[in-house]
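I'd like to ask you about the structure that follows.
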Amino acid sequence: MTSSYTVSIDCQDQKGIVHRVTGVLFEAGLNVEEQGEFVDHLTNQFFMRTEVSGRIDHSRMAQALKEAAPPDATIRITPKGRKRVVVMVSKEPHCLGDLLIRHAYNDLRAEIAAVISNHLSLQELADRFGVPWHYVSHEGRSREEHEQELSPLLERYQPDYIVLAKYMRVLSGALVARYRERIINIHHSFLPAFAGSRPYHQAYARGVKIIGATAHFVTDSLDQGPIIAQDVIAIDHSKSPGQLIHAGRDVEKSVLAKALRLVFEDRVFVHQNRTIVFD
Amino acid sequence: MTSSYTVSIDCQDQKGIVHRVTGVLFEAGLNVEEQGEFVDHLTNQFFMRTEVSGRIDHSRMAQALKEAAPPDATIRITPKGRKRVVVMVSKEPHCLGDLLIRHAYNDLRAEIAAVISNHLSLQELADRFGVPWHYVSHEGRSREEHEQELSPLLERYQPDYIVLAKYMRVLSGALVARYRERIINIHHSFLPAFAGSRPYHQAYARGVKIIGATAHFVTDSLDQGPIIAQDVIAIDHSKSPGQLIHAGRDVEKSVLAKALRLVFEDRVFVHQNRTIVFD
Amino acid sequence: MTSSYTVSIDCQDQKGIVHRVTGVLFEAGLNVEEQGEFVDHLTNQFFMRTEVSGRIDHSRMAQALKEAAPPDATIRITPKGRKRVVVMVSKEPHCLGDLLIRHAYNDLRAEIAAVISNHLSLQELADRFGVPWHYVSHEGRSREEHEQELSPLLERYQPDYIVLAKYMRVLSGALVARYRERIINIHHSFLPAFAGSRPYHQAYARGVKIIGATAHFVTDSLDQGPIIAQDVIAIDHSKSPGQLIHAGRDVEKSVLAKALRLVFEDRVFVHQNRTIVFD
Amino acid sequence: MTSSYTVSIDCQDQKGIVHRVTGVLFEAGLNVEEQGEFVDHLTNQFFMRTEVSGRIDHSRMAQALKEAAPPDATIRITPKGRKRVVVMVSKEPHCLGDLLIRHAYNDLRAEIAAVISNHLSLQELADRFGVPWHYVSHEGRSREEHEQELSPLLERYQPDYIVLAKYMRVLSGALVARYRERIINIHHSFLPAFAGSRPYHQAYARGVKIIGATAHFVTDSLDQGPIIAQDVIAIDHSKSPGQLIHAGRDVEKSVLAKALRLVFEDRVFVHQNRTIVFD
């Protein structure tokens, strides 16, 4: 049975890598559907992403690629297919709603295994689409206590990725470390401008003429993780903070959706707090 | 002889202002070519900009508007026409070159009275267009010593506005105060992201997916003055800091040109470190 | 009881209109929340839109405005509030889904009275949100026969506006005339480029580097009605027609939502197949 | 002496091409600085662009690549370096001015060998930068007569590329054929919208909310050649055709500059009236 895979390799650059790696794929009789390479000349790091189709013997392929690539190489062979995700939300419905519509019409490249919230207000929305819902209140609890309930719940769903779709709580370093480069957040500003809370109010006070949104991997530095996608819209003086919040929602949801497409199609490498994206 | 004027009023909002002010213009028999109003509901401040044409008795009009508007009103009656500017530059030619081309083809709404630089490298460019050039070196001088030569030179040209077209030195608070809301700077980032020096290197290190430029009035807080215009371009991981600098130049010059058009057409009000722009 | 209204006036321009109209509003003791004027100098047409709040005697106000404005003026006094709309769809869920989420969270400025479709596939989506659904098949019917069922159904809901949210059938001239300037369509290209069918395939074949979407009022010239809003996204050679369709969906739904906000807030005038938008 | 080259290959796709071509480069001991591949799955055409540095024996490399690639392959080995161009203009200075500034500051990746115009008005601008200028009037001449003077002049300069920087005359099919895929035009609209003359007036009349510019290779179908780059800006109803023309200039010059960078860096393939751009 033929299948499709994404082969991702990154390592220190050296002469002949592409030749050797493509040789492995050629000898395995695979079709190359799409291929991209990039060398970061500042750090001499090489990145290669190849979509192949054909019959593949996973362990033989892994071994052959390991021999072809330098010893420091990170090699991933990922079958194409829907990822398994848990979505976390607080009170705002626009990103969750957008994800649920995409999910319902097979446009998310992922299975939403569950929605988890620290509020009750969006339960009705998840219910409309028949997606499992969990309420994990943070009221009167420390972050540790909250995560003592949250972590096993996440664990239970074995998600490939966790999507923070306007989840307004900070996760602990331990939880972030557990899902390294697997938690994606949508921040409601054009980072690094207006990190932290109430970015639209900050944007109003500063009088900017453009606002935006940023999807990034979560690290233990708040709003400092590797940026996956950003977009902006022009505004003018006439918009109040409330109108900025409203206008920003459309950007937030489209940037989050774009970032998820890139990540779920295995198009994103992380290198030194930056992303390399083959799109 | 009929002429054109821009009438600008700002004051605390109250009922009937537009009615009373337009009554003054109507009774003077003026044609209203373009009019805009805005109320900032957070501070209850009212702004009105009207382009009129017709015969105008300046002092009578000023008096009539003063009587029609509330006592706290700031009223300006500005004849339409080319402003008088001094352009200050350091070493980069792209913004100055763009301004000189526009100037030569009557597309700047301003007369460039002179170009002043702390370097010699752009003298040839100013010379090509026959624009007066002054070299005021900062080498081995304190800021005060430097401005002891610079200030009288500026004074001599009696500029309406000073344009910092990639001038890489910080002006003293005294000089900034002398030309309050009359010095326009182009900053090579999407402020408030990447204020300060080497913004493109900062942008590269942070891994942003969009870069931009900001034209703003200069205040004594570095890169913190009221923003007049901003624009951005999408980038990706493949661009080195040098390529970002290169790509950013086009945005810088178009944003600066846009901001100058707005200011030179008297379309910009400043209010609490924000601009109100009627475009 | 105080309420909010939008007063819209358009007529041939003449001196003193703003003064006279604002005089009426002032004497009625109304607060002006937002006001805009525009003169189209090519046709000498004047447009004015004012949001007022206060107690209003509708017929007296209409009479007073009629006396203050020129005889040719079109005057509308519209209470602020949710419009009543019918949404028509075919098979694609992304625009309808977006509208339903906004509707469910009070972000549409409109009541969706019903969804009507010539296909069955989106019934489940309307049902999820408890919105009335009607299936009016066009199979084996002429346009006239189809509209013999469709028209009374529309009539029954007494919609202020009809939203074609990816409705892939052409309406008859009679139906369009019945709802003049009240039917809004989202076209999946940057009009006037790629009017007609399969615009993304046209865009691919032409090799454009940017694609877009256009929301417009429907007239009896296909895809030629007054444009309300447009937006675009950059693409490159690597995108197949199918990927363009996918990428275009996000633009379609955000452009449609923007146009609906503008129309439902009574911000749009139509003049000679163009729109004047006060935003 | 080491040098840099761009190796461009396009042919029908088949398994193993990348492996064989990179094998040739590897065995020659070259460094791969940047590489991109693309397969157009609709036509099964393969494209590959590689920047290499090192000592190169041009004819041996050409032979080795020919043996490695399929028989139908088009192979180009181009030394990196400044192209030689002739710029043609009519009366508008903004694109020519921008090119001359870039040229003067080594930012064009090309040598402007000469400027040719059918009008006299821009001679002064070329003179300011000491670039050779030729006036070839079309007054009272047929296209053939005009080109009897123009063609030998172009020939004399042996240009790699001809840049039509707002040249408002149509070239004959013979001249276009002589410089196939080597004449680049900037069209002042977002093609295919508003092909032909007076696009900004067309855009005004149609009431579009976005205008743009398109840089494309010239073919013998007017404004129908392969598109290299496009960009747009948002506008609104308040802009007259004259203001659209003004606003459009900045887009025209930046789109032209972007297209020239791509072409002069050998980043552009043409395939079935579309461009494949490795950027």
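Here the chain labels run A, B, C and D in written order, and each chain numbers its own residues starting at 1.
By our rule, contacts are C-beta pairs under 8 Å (C-beta built on N, C-alpha and C of every residue); 3 or more make two chains touch, one makes a residue touch a chain.
Because the structure is predicted, anything quoted here is derived from the model rather than measured.
Of the chain pairs B-D and A-B, which one is connected by the greater count of C-beta contacts?
When the contacts at B-D and A-B are counted, A-B has more.
Just curious, how far off is chain D from chain B if you go by their C-alpha centres, in Å?
Using C-alpha averages as centres, the distance is 35 Å.
Using CA atom averages as chain centres, what separation in Å is found between chain A and chain B?
41
Of all residues in chain C, which are in touch with two or more distinct other chains?
In chain C, the residues touching two or more other chains are 41.
May I ask you to sort the chain touch graph into line, ring, star, complete or other?
The chain contacts form a complete graph, every chain touching every other.
Show which residues of chain C lie in contact with chain A when the two form their complex.
For chain C paired with chain A, touching residues are 93-94, 97-98, 101, 104-105, 107, 125, 128-129, 246, 249-250, 254, 257-258.
Along chain D, where are the residues that touch chain A in the complex?
15-16, 18-19, 22-23, 25-26, 29-37, 39, 41, 234
With touch defined as at the start, can you tell me which chain C residues reach chain D in the complex?
Those in contact with chain D are residues 38, 40-42, 190-194, 205-210, 212, 226-232, 236-238, 240, 273-277.
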